[in-house]
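What follows is chain A paired twice: with chain B in the first complex and chain C in the second.
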Partner chain A sequence: MTLSAIDLDHPPKRRLFGERQRFMLLLIAPAAAALAFFQILPIMTGANASFRDWSLHDPQMTWVGFKHYVYVLTDAGFVWTVMPNTIFFMVISVACSLVFGLALALLLNRNFPGRAVVQTILLLPLMVAPVVAAIMIRWMFNDQFGIVNVVLELVGLPGQPWLAQRWTAFSVILFADIWLWTPWFALLLLAGLQSLPREPFEAAAIDGASHWRVFRYLTVPMLRPVMVVCIVIRAIDAFRTFDIVWTISQGGPARSTELFSIYAYIEAFQAMNFARGSAAAMIGAAVIVVLAMIIFRVLNRWAEVSK
Partner chain B sequence: MAEVILKNVGKSYGTVVAVRDVNLTIADEEFVVLVGPSGCGKSTTLRMVAGLEEITAGVIAIGGKVVNELPPKDRDIAMVFQNYALYQHMTVRDNLAFGLRNRKVPEAEIDKQIAYAVKMLGIEPLLERRPRQLSGGQQQRVALGRCLVRNPKVFLFDEPLSNLDAQLRSQMRLELKELRKRVPTTSIYVTHDQVEAMTLGDRIVVMKDGLVQQVGSPLDLYRRPANRFVAGFIGSPAMNFIDVKVDATDTQATVAADGLSLSFTGQKAATLRAHAGKTVVMGVRPQHLLLDGADASGLVRFAARLSTSEQLGDQQLLDLRVGGTVVRVSGIDPSLTLAEGTELKLGAVPDNVHFFDAEGGQVLTT
Partner chain C sequence: MVSPIRATRRHLLSCLAAIGLAAVLPAAAQAQVELKVGYMKHPIQDASLDMMEKWAKANNVKFTRVPMAYNVFQEKVTATLTTQGDQFDLIWHNDDWGQLWEKWLEPTDDVKGMENVDKWPLDAFWSAEKKMTVVPMVHTVGTFFYRSDLLKPNEVPKTWAELVTVSQKLQKDGKVKWGYVGGMSMNNTWFAQWWTMWTNNCDIFYPLLERNNAKLKAGGFKSALADPCHKEVIEFWWDALHKHKISPEAMTSYGRNEANAIFMAGDAAFTLVDSTHWGEFNDPARSKIVGKVGMAPFPMGPRAKAHTSWNEIWGWGIPKGSPAEKKKLTKQMLAAMLADEEGQITQWKKTGGPPPNVKVWDKIAAQDPVFKQLKHAVFDQKPITHSAYYFAQWPAVHKAYSDASVKALSGKREDIGKVLEEGAPLVTRAATN
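Our next item is the complex of A and B:
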């Protein structure tokens, strides 16, 4: 073909979606459809419900605007107990699991005889269903038949009615959650540790750094990006915790250990006020979105420094 | 200032032997280069000196003290790694200061040491930057600085230039030589690059398969290789090898191969006589093969047919066929035009012709 035969001034128009794009859209379509049906639609339904009087005895579903939001946000229980509980739970659970998980990961990162066995045992909680673990722990802390009180009384200490007092009950819940999630942190941090380059540590060995200084100035800074991801994922997850609390204390005694998910559940399915439950859930969702963004921003800056 | 002694040093991983029986005495302020192909045990040897690998046999002493059981930090050494191994999350200043702070050196003294090192290496403007903001050459300088500030007894270099591009590598090589003059410290330098080895080393240790092949000055290795491996490894382009059959009379010895028959008298003949009737390997460097017309007398001459020529600008490399083998010749006048298939006469000074045992590869001597 000669050059003059080609119309160089008017190249064919680009199509909106090329072959490649259309293929990609096709591949995404099933997942996108599932997401729309099972995530976006229920969320929209829930959001819609939170603006109406939507309960079984009032099938009108009257539009009431922000009435339920106002109720929840002015409910002293929600503002002064549920939200502080939730955030306190999130912070303590994530912080403790992170510290214990890091300690375990450091331990497992060393070579010692029987390491594989220790690793399997330590990772066992990951394989236990949270509800099963919670039932187990509830029984361990049972004030009449629980092993914890038996042991306490054996060594001469008074047994506690663990689940009948706010802070002891809260501690038991936290204990269960930390026990369940420490191995998860350990596993991810161990993977992080094993992917760290060897040379800086060798350089530090020649440089005469003590174990503490290696940990403080090398391991932790180099591990920061992994820690940030772990913390953010786990913080969001901890904020929504339901199963453990429901199984151990059902939010009691006297609604004093309720987290926001329990509050929403009780409002919706025990008080049968779906609208109010939805409103509580929406508020919780808004709070966690903001919180997660703040956590991520702050931690990301902290991790950036290490790069 | 210190002397480093390796006596019967060996390293094995289970049944796999990585290094065996290394014996080496490195004098105070001497610069020794360990060179060899990948997996020859040179890095492992260096890491044993550093204390990063356990020594499974033999003894290593630094500055008159056996260090076999000493952790790296107590050996008074400093090491430059191939990938620099800088602390990525610290500034250059903190990188340099880290080792000194570990040893609880007063801050004023640290500042003084850093000022000295950065001036020496010309990296003053980089002090507040982080390693990732630096180029490869700058990072390498910081890694050198980390060694300098400590003022150790021994410097260890583990292929420090192999991550740099060719141009920067030759520049850094020069700078290392300069630095060496100003800071004369006992050094062990590992590389797989024979040019680095030749240019930097006071002495070179050639290793292969965990065994030391030869120890000597650069010229020694070039002129008197102990075996076929060293002969082929040192020098570029690599030495030509031809299998030849030896035939000897009382006065002279003749070696012959397909398309080749060379007669030697004197010392060479005496060496060859002991191998009469056997096959040996003849080795000649491409630089030592002269084209026809060289009027020097006493050359051994043979004919060869040109198969390929490579123009390098400053010289030509020729590939010539001698019977069934290809022989390479370098240093040919670049303006000489030769047609493929031209018959050429090649010559070599008998002293530049080496003979090696066909099996073990050891150089033949009388």
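Our next item is the complex of A and C:
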């Protein structure tokens, strides 16, 4: 092209994205559309509903401002039972799953006959739908027909009304959740263990370090980045747990095992107050964002991930 | 021999005829109207639908059943109704949510046969315009079941006190592990706390036994939870669970499934549940007490002067979003169901579901001693009130009540009064917020 052919008054329009960028955008478009329709749009709808008079059976949709937020935040049950329960559940579930998962990962990191079989069996809980597992566990702990009481009575101990008291019911729920999630921790931590360099461990062996000292001063520090990621992801997930608790106790007896997701569900779909349920969900989301940031900052410092 | 021209003409004619038929047949198929029913998969509902399907077949109507799980039914159908969609032409309707749907349902006053149904259970289904919005399918009556192999009819407890003494005797004699079992957790409050509440002339709000929303509102929906009559109810159950031990301590966490499982295993002498479970109790594949179940009026509390009963219905509602011509057909179909005496008798025999047409009752009672027993246990007793309240906040009230009562039953006996006093404002708050 000669210089004279260029129209200086009307330069060719410069495209916003180059061919490469357009191709990349095309590739992510389906995922972005799915995210927009199935995540962002419902969240926006829920956020909108939380500021309106929006019952499921009679959706007036009139603007009511922060009325539902005030109701939820001044509900003694939400503040003094539901939120503490949720945080307690999250801490115990994540801590126990981490400890048991790490123990299993260390075990599976050794060579022993039948390791592949054990590994497969340990992964079974991950393959069971949480609702199915929860129904199974609810009947296992049934006071009349459950296997747990049968075993207790066989060894001369009295059977327990597991789901009729707060702490026994909470224990059953935690047991179910920890059972379901320990393999997940084990799997990720095992992958982490297998990716650690061998040299420090060989040096420790030459120096005659005990197993405990190797674990305390080598394995755990080197595994910290993987543990941090596991803890943060699982803590967020544990905070919004619904299925296990709903199936085992429905938050009972008398709200004593109610978590924030159960609270939101009851308000939205049992009391049919979609707006109040949405407000509770929004408050829960805000709490978990703050909590996740705190957890990540604390653990990040501990693990020195940023280095 | 046929000439080639004639053969070609014949071939052409047959082709044209085939094309004509092909054009007409889909049109004929399209002419068949489809009626879609949203319902809960349950033997009684299926029995009622069988009657309608019979009518549909006779009237060239395509009849489609859309079963849904109980746990999602109310939410799913409410969403469908409020969007005025035509997803269903007929839906299962229940007194528990009678008032929630009143503005979304077609009036049913003009359905033939409505003059033959019991009027008492219809109270939950009036619209603001004083129009009826349901056609009954079955009476869901709370029924006191007892083990007829262990007790003669005259030995069945008539009072709470007798319920305790008879239970303890049967337990002591090693006949049963437990006296009474029933659901107590949320949404099963009817099967323990509430039937004893009514049989003690008690209720959830003041004025007691009132169901007129205007009067309840005028009273500020003041909860009667801390009333002495209520304290007696909770104390009775506390003693049953912890002192007399006629009921399992874990009963506060039971739903109907757990309670029914114990009763059907032959481990308990008494239970109270909807009569619709009669069939289940007598199913040899599931129950060890087949043919050993009797029915009697509710045992009375210390404040009662006569037996009472709990008599409500399940029914069918017609969504306003259904097209007009389909609504007309649906009403004809419901009228046919109400008039189908043979079908209603079959419904009773197959499922234990008392039919909607009261004219059929005497005919069944004349030939079936079980129905006669049920009639005496329930229909011959006068209900003192309805088994639910009929305003939009009712589910929230139910939950608040359930939480307070279970908390009182799980704590110390001396704390019952205090827990009920703390729970009363929460029940009022649930009704007014």
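Everything that follows uses one rule, which is that the second predicted complex is superposed on the first by the 284 of 307 C-alpha atoms of A that agree within 3 Å, B and C clash if a C-alpha of one lies under 4 Å from a C-alpha of the other, contacts with A are read in each partner's own complex, and residues count from 1 in each chain.
The definition used in the following text is that a residue touches a chain if its C-beta (ideal position, glycine included) is under 8 Å from a C-beta of that chain, and two chains touch if they have at least 3 such contacts.
Just so you know, these numbers come straight off a predicted model, no measurement behind them.
A.B. asks: Sharing chain A, do chain B and chain C clash or fit in the superposition?
C.D. replies: With chain A aligned, chain B clears chain C, so fit.
A.B. asks: With the two complexes overlaid on chain A, check the angle at chain A between chain B and chain C, Cα centres, nearest 10°.
C.D. replies: Computed from the C-alpha centres, it is 150 degrees.
A.B. asks: According to the stated criteria, A:M272 is in contact with first (chain B), second (chain C), both, or neither; which is it?
C.D. replies: The second partner, chain C, only.
A.B. asks: For A:P200, decide between first (touching chain B), second (touching chain C), both and neither.
C.D. replies: A:P200 sits against chain B, while chain C stays out of touch.
A.B. asks: With both structures placed on chain A, which of the two partners, chain B or chain C, ends up touching more residues of chain A?
C.D. replies: Of chain B and chain C, C contacts more residues of chain A.
A.B. asks: Looking at A:M222 after the superposition, I want to know if it touches chain B, chain C, both of them or none. Which is it: first, second, both, neither?
C.D. replies: first
A.B. asks: Considering only the touch criterion stated at the top, classify A:R255 as touching first (chain B), second (chain C), both, or neither.
C.D. replies: second
A.B. asks: Check whether A:R213 is in contact with chain B, with chain C, with both or with neither, and answer first, second, both or neither.
C.D. replies: A:R213 sits against chain B, while chain C stays out of touch.
A.B. asks: Taking the superposed arrangement, what is the smallest distance in Å from a C-alpha atom of chain B to one of chain C?
C.D. replies: Value for chain B versus chain C, nearest C-alpha atoms: 51 Å.
A.B. asks: For chain C, which residues count as touching chain A in their complex?
C.D. replies: Where chain C meets chain A, its residues are 75, 78-79, 81-82, 97, 100-101, 103-104, 185-186, 248-253, 258, 261-262, 265, 267, 392-393, 395-396, 399, 402-404, 406-407, 410, 430, 433.
A.B. asks: Considering only the defined contacts, which chain A positions touch chain C in the complex?
C.D. replies: Counting only chain A, the residues touching chain C are 55-59, 71, 142-145, 161-166, 169, 249-250, 252-255, 266, 269-273.
A.B. asks: Would you mind writing out the residues of chain B in touch with chain A in their complex?
C.D. replies: Listed in rising order, the residues are 50-52, 71-74, 77-79, 81, 83-90, 98-99, 102-103, 130, 132, 146, 150.
A.B. asks: So in the complex, the part of chain A that touches chain B is made up of which residues?
C.D. replies: 197, 199-200, 202-210, 213, 217-218, 221-222, 305-307
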